[in-house]
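Residue numbering begins at 1 within each chain, and the chains themselves are lettered A, B and C in the order written.
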Amino acid sequence: MEATSTTQTLSPGAGAFSTAKKRPLLAHPMTEKAFIFFARGIISVALLTLIALIADVAIDGYERLTWNFFTAFPSRKAENAGILAAWTGSLWLLLLTITIALPVGVGAAVYLEEYGSKGPFTKLVELCIANLAGVPSVIYGILGLQVFVRSLGFERSLLSGALTLALLALPIIIMASREALRTVPKGYREGALALGATRWQTTRTQVLPVAIPGIATGCILAFSRAIGETAPLITLGALTYVAQVPNSVFSPFTALPIQAFNWLSRPQPEFHTNAAAAITVLLAFMIMLNLLAIIIRAKYQTRQR
Amino acid sequence: MSISGKSTWRPGEFVIEWILRVCSSLSVVTTLGIIAVLSIESVLFFEEVPVSRLLFDTEWTPLFLDKHFGIWPLLAGTLLTSAIALSFAVPAGLIIAIYVSEYASEGVRKVLKPVLELLAGIPTIVYGYFALLFITPMLQVIFPEMGSFNALSAGIAMGIMILPMMASLSEDAIYTVPRSLREGAYALGASKLQMIFGAVLPGAVGGITAAMILSAARAVGETMIVAIAAGQQPLLHLNPLQPVETMTAYIVQVSLGDTPHGTLEYHTLFAVAMMLFLLTMTLNIISLAIRERSKRMYR
Amino acid sequence: MSNAKILPTESTQSNQEQKETMSDGGRAVSQRPKENKITISNVELFYGAYKALHGISLTIPAREVTAFIGPSGCGKSTLLRSINRMNDLIDGVTLTGSIYIDNEDIYAPHIDLIELRKKVGMVFQKSNPFPKSIFDNVAYGPRIHGLRDKDYIDETVRKSLMRADLWREVKDRLHTSALDLSGGQQQRLCIARALAVNPDVLLMDEPASALDPRSTSKIEDLIGELRNDYTIVIVTHNMQQAARVSDTTAFFYEGRVIEHGVTKELFTKPVEKQTEDYITGRFG
């Protein structure tokens, strides 16, 4: 194939630069058109799937999205059941997870970017983070079960759940925060250090203020993922029937994805409707968080220009 | 104005540096914690069940009276669903990556990136719901004999879930191919597609392989989709229309049941988790090594 | 004692610092025309395995302008950044030999980097104002060193901006962003920011290389005004600039000091062949 094209372009006369009749498949303009068409098709299918995914759930669950659904506890009758325990549990989990994971994650990122040298300790930490990012979430649940629920005696409480989700979110938070710290111009650091600022003064007064929007964007995405996690909480042994609003970090809890899973695994279609409604609430919340992240990023990018 | 440091000991700085160091060492602690927890409990399992029973049995029935501990049914279930997912996600992700990096306009890229991010951030339970109550009913029109739990629907949903990750990692890999390589191909008279297939893709092959392996690790470790849509019957077969049980789905199954702490059934949880961990960690490390090597190539 | 330096005398802190400065060996003999502020002896610097500086020995006189010239990659910036230990920030850099400032070895283990960098200010090639107001940029140094007295800070900012010849241009918009200033103004702001910490030494790493000719000449005038009060070391690849602003010049080539002497003599009758080739434009 290649050989024919070479001889053709090299042959004099017959318009060496004109479009040759016989071209290799990949050089043919039609092939390219077909490829672009195909690629656009795949992207459209992916986008349509996204829409179908959201629409399917929302349409299925729409009829159950009444006020009562938000203020009722689970019930044996599908139409009486609600997500009060689940959404309050999810909210508690989110806030607790942020409280635990945000300072630790940003702190680790600051250490790795601003303090760490390329020593063996940094290398080890980086390897562990890269590896933890790929550990299936269900394994974190087993870690939480053994360490938080049993060894530390926190039982199947919000605290155990939040600690587990925090460990799960940490690698993503650290990676996103490091990325944000790396975008801070070197000149800010050098300028501050040359004036006799200490490492921490430089970080606190120059580096972090510039990096905060980027850190926020990355962390919002990380937390919105953590809050949608089901598997680790199930492994942890989170309860599927809870008829109380949590009032302390040691309360037993359920969460939206667990409640949805519980309803989904029942055979009756009425409970599937409940599951759809619960998932719709979860999705709406996550899309809101994603939008928030997009807005912060857009605002930050325009201000940098 | 002495610059000697004796007079200016700064305890605050010292304390902060140590706090930050502890924060970053937490990843090491977590890794060690996972390994310790899984090993300790797995050892208890293997004390009662020799490895040979895992390898030379074709049934997995630890929750029944007649206990069999052959790992193959769970392994086959995991591999089957993952293979279905990857056979969708890898080519589609690669084509999206090529299109986005070589053809798409800046505007399209700006819209597509957050959409892919959103798609990647959707909770897996949603995909599970979608697989069970949307994909399966649709497929049952084509395959009327298909049950409501099957490997195919779960695999397809998982493929959709992995697609954004595959696409964005491949795009990163394509992005790192230096311009000189593209220009070199163009200078030889290559068409755009020839340039892509002859220069860009071979140049990015390391990164793309790494993306594929990472996607595979993600598929192997995915839990909710298979727990909801693939069923919980550990049957040894490779028929996508039949229900299967994956390693992750088994973990969920045991967790949901009231398995008493300290029993053999309870320990199977850790043995299966250990195998899952080893499998995904091996994939991760291979992917990491490939990525490092291909990064160094263009430095 | 030079009263042109920035410390307002009414502050107790400044009194104390002045006393310290006076008791300092260097100050007591300030009448003597040639007194060495910085002594560099046999400095070798490695980036990993690559040797960037080969046994450099130099003395830098107090309250004069010393220029480092040479083709790019000759090690002049590297040596400059060793004088306030900015090279410590780069992984894999090792330095042997010693650099003395006021008879103290700044690479001795007991040296406090913070105090060193307060004493040795630096201005960078690319102006790097912080993304804060003009006022906050200049006040940054005093603030991080624990000064809270508002009047004192106001006074320091004003005097620093005046010394950097920027006060007239910015006095009405002190609280607007420093990033809105022109390139030349930004660089003078960075000089003012360095002066506000009241250093003895000012290191300038090609401070005008990114500026237009008018801004460049302003910076050069400023260096001329500051020379009586500060020991200034300037790295430049612009030989005319070195000739215009410096008292002594050191010519660097491939990590070595080829020639070092009074600027006028070095430029009119260089001893070394390489120096002559460089200043007459035969290479570099």
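One rule holds for everything that comes next: a residue touches a chain if its C-beta (ideal position, glycine included) is under 8 Å from a C-beta of that chain, and two chains touch if they have at least 3 such contacts.
None of these values were measured; they are calculated from a predicted model.
Farthest from chain C, judged by the mean position of CA atoms in each chain, is B.
The most central chain, judged by the distance from its Cα centroid to the centroid of all protein Cα atoms shown, is A.
Chain pair with the most C-beta contact pairs: A-B. Averaged C-alpha coordinates put the centre of chain A at 14 Å from the centre of chain B.
Chain B and chain C, compared by their mean Cα positions, are separated by 54 Å.
Centre to centre, using the average C-alpha position, chain A and chain C are separated by 48 Å. Among all residues of chain C, those that touch two or more other chains are 114-116. Within chain A, residues 198 each touch two or more of the remaining chains. In chain B, the residues that reach two or more other chains under the touch definition are 10.
Of all residues in chain A, only 5, 9, 24, 26-28, 31-32, 35-36, 38-40, 42-43, 46-47, 49-50, 52-53, 56-57, 60, 103-105, 107-112, 115-116, 121, 124-125, 127-132, 134-143, 145-147, 150, 167, 170-171, 174, 198-200, 221, 224-225, 228-231, 234-237, 257, 260-261, 264-265, 272, 275-276, 279, 282-283, 286-287, 290, 294 touch chain B in the complex they form. Residues of chain C that touch chain A in their complex: 84, 86, 89, 91-92, 114-118, 121-122, 124, 126, 128-131, 140-141, 144-145, 190, 193-194, 197. Per the touch definition, chain A reaches chain C in the complex via residues 117-118, 185, 187-198, 201, 205-206, 209-210.
Residues 10, 12-13, 16-17, 19-21, 23-28, 30-31, 33-34, 37-38, 41, 92, 95-96, 98-99, 103, 112, 114-115, 117-119, 121-130, 132-134, 160, 163, 189-194, 197-198, 214, 217-218, 220-224, 227-228, 248, 251-252, 255-256, 261, 269-270, 273, 276-277, 280-281, 283-285, 287-288 of chain B are the ones that touch chain A when the two sit in their complex.
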